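Chains: A, B, C and D, in written order; residue numbering restarts at 1 for each.
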Amino acid sequence: MPDVVFPLDSTKRFTEQQIVGHNRWHPDIPAAVHVARDSSVRVHCREWFDGAIHDDDSADDIRDAPLSTVHVLSGPIAVEGAKPGDLLVVDILDVGPIPQEDSAPLAGQGWGYTGIFATRNGGGFLTEQFPDAYKAVWDFRGQTATSRHVPGVSFTGIVHPGLMGTAPSHDLLGRWNSREAALIATDPDRVPPLALPPLPQDAILGGLTGEAFTRAAAEAARTAPPRENGGNQDIKNLTKGSRVFYPVYVDGANLSVGDLHFSQGDGEITFCGAIEMGGFIDLHLDVIPGGMDLYGVHENAVFMPGNTDPQHSQWLAFSGTSVTLDGEQRYLDSHLAYQRACLHAIDYLTTFGYTPEQAYMILGAAPIEGRLSGVVDIPNSCATVYLPTAIFDVDIRPSAAGPTRIDPGQGVPRSGF
Amino acid sequence: MPDVVFPLDSTKRFTEQQIVGHNRWHPDIPAAVHVARDSSVRVHCREWFDGAIHDDDSADDIRDAPLSTVHVLSGPIAVEGAKPGDLLVVDILDVGPIPQEDSAPLAGQGWGYTGIFATRNGGGFLTEQFPDAYKAVWDFRGQTATSRHVPGVSFTGIVHPGLMGTAPSHDLLGRWNSREAALIATDPDRVPPLALPPLPQDAILGGLTGEAFTRAAAEAARTAPPRENGGNQDIKNLTKGSRVFYPVYVDGANLSVGDLHFSQGDGEITFCGAIEMGGFIDLHLDVIPGGMDLYGVHENAVFMPGNTDPQHSQWLAFSGTSVTLDGEQRYLDSHLAYQRACLHAIDYLTTFGYTPEQAYMILGAAPIEGRLSGVVDIPNSCATVYLPTAIFDVDIRPSAAGPTRIDPGQGVPRSGF
Amino acid sequence: MPDVVFPLDSTKRFTEQQIVGHNRWHPDIPAAVHVARDSSVRVHCREWFDGAIHDDDSADDIRDAPLSTVHVLSGPIAVEGAKPGDLLVVDILDVGPIPQEDSAPLAGQGWGYTGIFATRNGGGFLTEQFPDAYKAVWDFRGQTATSRHVPGVSFTGIVHPGLMGTAPSHDLLGRWNSREAALIATDPDRVPPLALPPLPQDAILGGLTGEAFTRAAAEAARTAPPRENGGNQDIKNLTKGSRVFYPVYVDGANLSVGDLHFSQGDGEITFCGAIEMGGFIDLHLDVIPGGMDLYGVHENAVFMPGNTDPQHSQWLAFSGTSVTLDGEQRYLDSHLAYQRACLHAIDYLTTFGYTPEQAYMILGAAPIEGRLSGVVDIPNSCATVYLPTAIFDVDIRPSAAGPTRIDPGQGVPRSGF
Amino acid sequence: MPDVVFPLDSTKRFTEQQIVGHNRWHPDIPAAVHVARDSSVRVHCREWFDGAIHDDDSADDIRDAPLSTVHVLSGPIAVEGAKPGDLLVVDILDVGPIPQEDSAPLAGQGWGYTGIFATRNGGGFLTEQFPDAYKAVWDFRGQTATSRHVPGVSFTGIVHPGLMGTAPSHDLLGRWNSREAALIATDPDRVPPLALPPLPQDAILGGLTGEAFTRAAAEAARTAPPRENGGNQDIKNLTKGSRVFYPVYVDGANLSVGDLHFSQGDGEITFCGAIEMGGFIDLHLDVIPGGMDLYGVHENAVFMPGNTDPQHSQWLAFSGTSVTLDGEQRYLDSHLAYQRACLHAIDYLTTFGYTPEQAYMILGAAPIEGRLSGVVDIPNSCATVYLPTAIFDVDIRPSAAGPTRIDPGQGVPRSGF
């Protein structure tokens, strides 16, 4: 096991730790850790809400989730000699929940959660159909997840960091802020918002203090979206054994990581999202000098997934097209097509006795696959979502016998405003 | 091998065949074939342009492709006893190029093609970057495809029908026409168009004649888009061994099929698209009575992919977000994110010596995977595209050594207006 | 589809065909076909007993199977320029049952069979436990096999040629005959025999006639065993897409092929064996000059399996060690260990209601995996056999609930002496 | 992470630990740990030679390996309520090298070793060809293994316990001893021996002392072979996520485990063997009451492998038959056939520049597959060994270009007597 360069104590809040990380992107946040090229390190990661979500049967914590505080990230880690124009080579050697802490109140200590944000506090992929807040708690046994809120389902998690990325340059940060501000300006009062502008409130900027903090907090980018530096990509396939190549925009590259997921379906459609947890990640870090020009990679991560993802050989798949539920035809909208495919899957699972919220939770947490199947056949995109049949206790394949109904049990906790 | 219920003679045009199929969707098109439940049948399929595209080194045929003539479909096949509200169960027993005709001028006779339409005649996923017409011809050896226009690449095809579906009811057809007309009306002169309205010119409607033909041709839906009945879904995973469940909207279900592909990447991003060919498909047909209500499947196909798709264990993946090339921020646009991921992959491959058009062709024809990785992280969607490294003769993984350059050879034929 | 260079007419016996193949190995058998390097060819193959086994419910034909007549092989095919010392490169482009003949009395015409030989006529892997003759008939639907004699099981076949190989040189043939004669001499009256000596009776030697025939028939090797030239390797993974490298011992290489299997478990433990059928195989043939020395391959085939074998992700496995059923300890006997593992699997399946013979048939025909797990732990070898759980209609995993019993139906036909 | 019920201190010898395990099988060894049904536990495991093998460049330690001391096992663990006739259900939740100890002198602390025993001290699968002692040291980086002694190879390990099993009953132990003694008696002076009789010297029997120890040590079974109770099965596929079912022969089942491997090829053909290491294993334990009769499982483990084994999609395979190197024909000897297949693979790899010992090490340590391909084709068995091509830095596929030679570097250390 590599040395722990970014330790966390599960009993303390993010800001009280030995090394304080950050929850905004800014080039001025100083590196918290310096490592040599060709090094391996262990990094502890806090669950993205820093312990605000509990292992209980209420969704109030999700309804009231403190969105301004996320994501609490571990880093920045500077790699000796890395320079703008290089590619940072990150091997994910291992990743998992908090080791040796199996039954305790922090997500990652033997359990994790999937939340669906209420429309008025975050929203989500299917927020029109699911306007309230919901929560499902998942228990871990080895690699396997099960939930008292979603019976009849168990699966091998596809563990990965939801968020990893290098620090932006001042120039890049400026471009983010101006283009996102322009978008927000088109509908500034929208609920949920179109994008999240810089927000000094609740900003944590590692070692920055005083005026430098104030200045940076006013312009530091929020961590919700993935951007040129990687960031919150939520790519479920960045599992153990993966190699990721990030563009380097500042000296040292200044890598940060967090938002670990025990599992996730493609899209993280529940937004809050995946199976959220704290834990550890072991990384090997190296550099390809001049790699950005050498390979034409100037933005967004390039990666090679590992070869130990959970394997499934039987899938039930649903397709959707870019027609709204109200019957309006949209033009090649793959986003909408995936929404429709997911809604079809939810409708289908309810014929087996699941509540719609339970079905939605399964799609968010289990390692389902979401594919862009057709993107040119005007006016309809076709997107597809694949469910591994082996994760269900009952046979979910269609047949003349009709669906076998399960007992949905207590269902998933729900909280409205 | 099942009996051939829909035979084609490779030397004759689509309209001169023993049984004439159709190239529009309409409930009045009479079934060309009637089969019992629980039957297996062989159906011959014409390549979608009925032979207009040639095995040569010019892209003029793609530039001038007769878009009003597609897709030439085999069917309708009526299944005895199928009624609206049922689910039609279609097993794809086998599918392949034209058997016993290995070296002849029709696509499917030992070869196939990938085309990129010019913006002024069809357009495509990356039409802003690739405004002209291009063509690549692929040669088949067993399951493997190679192209003189795209050197250094060979792969096991993922053979499938691009288009399969049941006949719409009158009511459903009416909804298609009204919603698509409404979309067109928002920008009727757009090039390429937003959608394709009914077009009597070049309409082929099977056994319909006289007034019935005229009436139907005026309202029959074009076959380009996937819709509630399945249709042109271009799901590359509908390979041999797959089982597909289609909603039934008319008595007999009236299944039609065509647009066979020797291989395709997710999205069929080249539009014309995949590796196009004629060939055969063996289907087993059965019905789940009342299946639509029983399983909550009222539109869009549900399916189970087969278990003999080509396997790959090493992938190089590219990510993209919903920011345009010009730097404009869009809101959760997964379609754009996939465009950007594909453009990143193309940029990358050009550092190995491929022309951009060759790289585009690879993404369109090889069994690449396109995934909706993040769809909630406002304002950016994250889409990813996975290339199997084993299809390349050279090692395409990034390393400090830099890319190994290939000889692009003659490149892909191109034709502008 | 490549040209048919070795055609068969299903209505005629092997010796009455346009080109007559052979059922013994001998260097003097003249090439029946000559092809250039880098060619693709289609070869028809007769089922190994030339039609003696029928689609009925009696095992008399297996009990009385004419062992002296097998295997009826297609070939030899001479490849221009191939010389002793070369490696012959054989790509299996496609392989399947008899095309366009789906319901007829010859195995391969829509059906195939698995037999278990009686001890007194052939024997088999578990002949002490199963001394009589048994037969199961399997029906093909696309890639899938089912049997009225073995209910509750269906699987995607792993189609392959059981036997393929190059002609031996005179020297090599001499070595075969002397070493096998030496083995037989240790127990010449054993039932079943230790090996099969040359047998002029029923010998078919292609174009050889007269004295040349008589001389060759007296020394031509039987085709049962795999040997240096490949031969009857019964490697289930030589499926479509595989590339095989054979040593070349005579000018032209003189490749022959036959004994097609619709499916088989590792070991072909039922001997007669796999799912036997006639059919076709498409091959691409080329040569690596001097390849035997270049790569140190002087005997036995080297191969690369294709990437479209049926995938399974859930297996139930059984282990065995080298202790006999009577409790005698043998020394590192992996053969015995595999017998014990297979017997354990059979015992297990009988608790679900299968007869022992049905369970044995499943292991012989379905794509089970047999592995040499431990070969050094004195005195016990450990062998393991893996059953894909998805091939069974019922859940065969052990649980506190106990096995779900199936209805074994009529069972498998049996015939004793 | 489950509670550690069997802790080890890496700085102390096996007999000096807080809980002392055992290195012989005997029913009288008292349970060291008692757990409830449906519990999860963490167990530390010592590498099988208790630290006698070092991370250096000499094979003297392998040559002089203290064979009488192995395997040092963790256990017995008694499961409450388990009774003879039950099946013990063991889920392998996690397994890996010694956590948090990455660079230290004990195997498992960031490294492991593969040894080949000298014929005079242990021998091995290919001892006639490799009569001396050899050693290769492997370094771990995340899931990946590389070795300074075997350049040009790296692979994802397939981590598993080589040895796990339940305690034998007195009756079962008696049968082991009598049948193995009978085998030894057939050639008592053989080198290496046919089997290993009970040996009081170096016996460690957990909590047994005094006369009870003396009596038990005289009859306790050696741990080398796999037997009815599971034991040293060396099944490489018992990885994380696997579920194993063991027969229960004594009250409490009394499970023991050890001999962890970072990776292994099928057969563990190097004997000492796999990549040996100490580490941890997390197990979930439960019982199927009466399961032995319920499922007909009276001996030898039944198991379901996990679904996260490293995936490979391209293999180069070698076949072998049961003819000795001297040309003697043996009867259906699958053990010999696998030896010949492995020797073919070794010969092949030497044409790429590897020494024979390096090639042998690769087959022992990398996740190669060994299959019983044909077991009935008298007189020859056919066994096959599959090498994943992706583990090699150079392309090892045969082609007209001939092999690319690697630099074998310092080679593997060797020590003779």
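Assume contacts are C-beta pairs under 8 Å (C-beta built on N, C-alpha and C of every residue); 3 or more make two chains touch, one makes a residue touch a chain.
On a predicted model such as this, the values are computed, not experimentally measured, just so you know.
When the C-beta contacts at B-C and at A-C are tallied, the pair with the greater total is B-C.
For the pair chain B and chain C, the distance between C-alpha centroids works out to 39 Å. With centres defined as mean CA coordinates, chain D is found 32 Å away from chain C.
Between the Cα centres of chain A and chain C there is a gap of 51 Å. Residue positions of chain C touching 2 or more other chains: 307, 311-314. Arrangement of the chains shown, judged by which pairs touch: all-to-all, with no pair of chains left without contact.
Partner chain B is touched in their complex by these residues of chain C: 1-3, 40, 91-94, 99-102, 141-144, 156, 240-241, 282, 284, 306-312.
Residue ranges of chain A in contact with chain C, taken from their complex: 311-314, 390. Listed in rising order, the residues of chain D touching chain C in the complex are 87, 89, 124-125, 175, 179-180, 182-183, 192-196, 224-228, 232-237, 245, 266-271, 273, 288-289, 291, 294-297, 299-305, 307, 313-321, 323, 327-335, 338, 340-341, 344, 347-348, 350-351, 369-384, 386, 389, 397-400, 402-403.
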